[in-house]
Amino acid sequence: MRPSGRTASQLRTVEMEPGYAINAEGSCFVKFGNTHVLCTASVEERVPPFLRNTGKGWVTAEYGMLPRSTNSRMGREAARGKQQGRTVEIQRLIGRSLRAVVDMEGFGERQITVDCDVIQADGGTRTASITGAYVALYQAFQKLVDDGKILEVPMKGQVAAVSCGIYEGQPVLDLDYKEDSNAQADANFVLTTDGRIIEIQGTAEEDPFTEEQFAALFSLAKSGVKELGKKQREALGL
Amino acid sequence: MRPSGRTASQLRTVEMEPGYAINAEGSCFVKFGNTHVLCTASVEERVPPFLRNTGKGWVTAEYGMLPRSTNSRMGREAARGKQQGRTVEIQRLIGRSLRAVVDMEGFGERQITVDCDVIQADGGTRTASITGAYVALYQAFQKLVDDGKILEVPMKGQVAAVSCGIYEGQPVLDLDYKEDSNAQADANFVLTTDGRIIEIQGTAEEDPFTEEQFAALFSLAKSGVKELGKKQREALGL
Amino acid sequence: MRPSGRTASQLRTVEMEPGYAINAEGSCFVKFGNTHVLCTASVEERVPPFLRNTGKGWVTAEYGMLPRSTNSRMGREAARGKQQGRTVEIQRLIGRSLRAVVDMEGFGERQITVDCDVIQADGGTRTASITGAYVALYQAFQKLVDDGKILEVPMKGQVAAVSCGIYEGQPVLDLDYKEDSNAQADANFVLTTDGRIIEIQGTAEEDPFTEEQFAALFSLAKSGVKELGKKQREALGL
Amino acid sequence: MRPSGRTASQLRTVEMEPGYAINAEGSCFVKFGNTHVLCTASVEERVPPFLRNTGKGWVTAEYGMLPRSTNSRMGREAARGKQQGRTVEIQRLIGRSLRAVVDMEGFGERQITVDCDVIQADGGTRTASITGAYVALYQAFQKLVDDGKILEVPMKGQVAAVSCGIYEGQPVLDLDYKEDSNAQADANFVLTTDGRIIEIQGTAEEDPFTEEQFAALFSLAKSGVKELGKKQREALGL
Amino acid sequence: MRPSGRTASQLRTVEMEPGYAINAEGSCFVKFGNTHVLCTASVEERVPPFLRNTGKGWVTAEYGMLPRSTNSRMGREAARGKQQGRTVEIQRLIGRSLRAVVDMEGFGERQITVDCDVIQADGGTRTASITGAYVALYQAFQKLVDDGKILEVPMKGQVAAVSCGIYEGQPVLDLDYKEDSNAQADANFVLTTDGRIIEIQGTAEEDPFTEEQFAALFSLAKSGVKELGKKQREALGL
Amino acid sequence: MRPSGRTASQLRTVEMEPGYAINAEGSCFVKFGNTHVLCTASVEERVPPFLRNTGKGWVTAEYGMLPRSTNSRMGREAARGKQQGRTVEIQRLIGRSLRAVVDMEGFGERQITVDCDVIQADGGTRTASITGAYVALYQAFQKLVDDGKILEVPMKGQVAAVSCGIYEGQPVLDLDYKEDSNAQADANFVLTTDGRIIEIQGTAEEDPFTEEQFAALFSLAKSGVKELGKKQREALGL
């Protein structure tokens, strides 16, 4: 029995509100239950030095948590003058996940920065971030199309992400904080919505786990990502 | 004529939603038109070293802006490893403003940190922050009362803040970004809702201004703060 | 009765020694009683990126305190690797105050940095800094004129600053450290010597104060700044 | 055909020299072909604050690369004042991998820091680091046993790591730099030598990859880790 | 012929004003010609952790330059967030030089920090700093004696410092900036006033120099330090 | 009697292995007994801004210690975000020492960075670094010659370094850690192998020392450097 009463393969209530941020070219306020993340996509007419004069664009991501998004207040990273290792890991993951579905030659020498800021946290902030970031990024590309700057949205796939874990011996989908902090194993799956792998990160929390357990987690993740993909398309009106 | 069509003494639409953040002891999502700030108050059972064993508590504040809260994306302070001078100035102002209405001996050796995070910016983020911070802090104190930890809310006054400025030669209340970036002078008034001064910061943008102009701004501010005070009490159900 | 025996409207003994620093284009060693600040103005033949090719110059300021300028030694900011919030606030204030009286189009694409370093502190370091910085800056402009680089000193006003406060219930001018640390309210006035406002920062230390009290402080400040202006002109031989 | 002439399932020449560092409690100089890493384990008689008085110990890891371990010189992290995101990710991975096979209650309130410093890099530095770190850590535990401080080596499993990837369409084991920089997918497997999962990190470099491809990588990894485990035991004389 | 017209063995005009800083326990404003350094000695009733409960005290030094002490403005170290290598080297040298003449067991568990801040620079700032620091430190010790906290000044020697160099082929004493920037070799001698060595730092600027040249520099230094020692005793009234 | 059983004028066993690092243009793994330093020389086709378009090259050095190169683990400088004062001092010394024997106009507008990383420390790491750095640098220059980029190795002298000290009252050569930490005086001599001075740094550890003692140390150093020079030439096959 999961603390939330969900079945093993049940996602939390997922909501996505594209266009939440009036200043950004693209945005999505995404909720996985009580985990709320504001994703914004900002387009700049320049690329990092290593891409100048290559005709290619760049997509990168940054991640942050509001100090009291969590149960007890975390120190503000800006005040400490340093991003935590966890923050750096997550923003690198989001960036790689988005780049895997973008045609980097399809939007000119532009950089798009996707900011994922956690307004409220209840587990799964990185997977919610990736899922919402896709929507924000799509919207920013759509705006470039609408503004006549590019001909079509340069996406070669659709990406979403979900966590799975072994909780009280049973594989379950989309861990909330209570489950996450007691899971025997924990894996984040970044998949295309047609089931291919972009990134997998699986970690044993206490004891190593078996290949069979891993396969069960993978299976849950595929169905979860499929469902998230549907929500993304609905949010984008596709 | 103001860009927004408001009269000279008209506030923007103000909304306050206390309890927005489920994890925090107190919180308020405050909107001054398109300026949106999430204020959370976090209670810790410890004080800074200089207050240990004095029986006094401490109230402090931190301020931040989401990178794309503004019209063009700002670099993330956590990534640059440094808070900007403007950020430091504002959070010190918020902290002083709150401490001026709190009885520091009335809530034990506790520290309350009020975080003001700008979700969307359209001018006046510091005054919206102070106004919302009061509500979040009140709510946190109320929770201490409800939990039986203190006997009453240790507030000896009610504080709100508003900006005024001289726009196209005319004193106006509650500047939005368009007005703010073109004002001849700009002043932030942190007042008690019964009209006393907690902090005044007035700045000539281009040319020095006169004592009479300053008096006109002050007069607008008093009426604005009175109105904000009413909204605060409504939000808190007082 | 003030600790120093001064009357309520009496400045401390003020001295200004222009040209103190042989290496700088302009300089002033300013003393407000036991508060001693060395102000130097350094001219560089370049402007910050945002002003390139605009024909405009820039004036900026930096502020520092020697570690043992104060009663107990403060940690050296260079050693801690970080300027305090107070330092940042003050140097921004000095910069804005100077820019308000300078014609930015009148000295070419040059940057002038005014450094205000507190050699000894006894209250009022920021107001002494602004008052001395004006003299150092004027001298640097005069040197540009003497060197035939510009035709006249590009100053459109004269600025000085003084603090006032409510000490034992009475408004007094030019607080020294003993008064400052016990004042009920404390305000810094940056005014033109003909009485117009450049910047006002008023802060209640414990209890909010009234509009009438604020008016009394303003009145003291105007007379103080007038007197400081006279000293500045004498120092500059104007 | 692999650039090195190896077969798809062939490791590079692996060497491990325990006790390389005369000052450390445990050490191992590990070579995976031209990738050389010096791993040292340092025992301290204290634990981080969150473990004080719990009877538990702690194992942590740090990772670094000599500036010219790589083909073109990298800036020194100490000189830049900041560890790169990649560095932080890797050292967190090493630490988690070791902790998964250690009985944290079996060596008292001690902290062991395993430093993995890359002397020369040719791909696979993080997997070589984990593999060598196990040996260094074991040796440090053995020294605690020999010194009579604990009764037995508190290891509940044996860990090694290897990378696999899809190179020119074919799954191959233990990528060197040439392969790594041209792989379609790249996965790092941290496994127990009896085949259970501690950590898996798989990343698509350009295009997403399939579940079948992932399974092939996993299979290679299991055989590679088994072989590495044998080398570790030989090095330790077990 | 030296640019200043001095003979090869002639010091610049040296002045020392003890007690310059009213807030510090000891101080000395020292001038070597146009090189002016303010030295303050601050006594704290605590020692660094490694000396607690040993009965020993500690003497340390910090060094800084005002941004426009030099001919062209240097960036402020506090603003850059980092002390330069040169700064670190010099303050370590000053600290070692002072500790070499102090009986560390003679003033209890106290720390004395000597700050040497260069107000104006014309070569030889580190040697002027050491020479003035001795006076400031002596004065601080004398104050501890006067306050009845220790019985006598715990100095076991008298230290002063001077630079020498080979300028246009000739060994000369006490280089000013013009000489220093054109010297073939440059050496700083920190000696006791009775001629023993505390620290010697000799550097060839372009070409290596000979043992004979070094001996000539040493000889000049001994006479210079002897003379400086006399000035120190006069300043201290000894 | 020295702890190692060496005679007063005896170096430790010295070994130099040029070409140790396969990725670097020049390298040398140098051992002075148990002090082991890896020196690499990296050539870049650019110079620092102050040398652009001057036809001159630049040689600089960086220094680091592996965290467990020492008897007790030192914190990693990259993790603390700051190089220690000692590190900065040493790398500046290495750079100056190398530049003193290089013809800066003889290798075009190139920068060569020599990294000296201490793998194991037993005293004398800076002198071993300089001695090995010369070999690495020579090898890098030789590679530029072999590649036809310059005509001859632009070295105008040969540099090596050794420490001397007064241990138990007796001057001894090439201090190891045990001696170094108990020496009454300690001096590092950077000399050309024909006996001229590049840099001398002598420091009294407890009591000042005499000119005669200094002369004895110098004499030991000259014979030591002569011997090291021979080893360098053998290592380079000259």
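Observations
Going by the order they are written in, the chains are A, B, C, D, E and F; count residues from 1 in each one.
The working rule: contacts are C-beta pairs under 8 Å (C-beta built on N, C-alpha and C of every residue); 3 or more make two chains touch, one makes a residue touch a chain.
Bear in mind that the values here come from a model prediction, so they are computed numbers and not experimental data.
Under the contact definition stated at the top, no chain borders both subunit A and subunit E.
Chain centre most remote from that of subunit D: C (centre = mean of CA atoms). Residue-numbered contact pairs of A-B overlap by over half with those of C-E, the repeat interface among E-F, A-D or C-E.
Computed centre separation for the pair subunit B/subunit C is 28 angstrom, with centres defined by C-alpha atoms. Centres computed as Cα averages put subunit B at a distance of 50 Å from subunit D. Centroid to centroid, with C-alpha atoms defining each point, subunit C and subunit D lie 59 Å apart.
Multi-chain contact residues of subunit D, defined as those touching 2 or more other chains: 81-82. Round the ring, from subunit C by way of subunit E, the chains line up as C, E, F, D, A, B.
Residue ranges on subunit F touching subunit D, taken from their complex, read 21-24, 27, 34, 38, 40, 42, 44, 62, 64, 66-73, 76-79, 81-83, 87, 113, 115, 117, 119-121.
Every residue of subunit B that touches subunit C in the complex is listed here, in rising order: 85, 88-89, 91-92, 96, 100-101, 157, 185, 187, 191-192, 195-204, 206-211, 213-214, 218.
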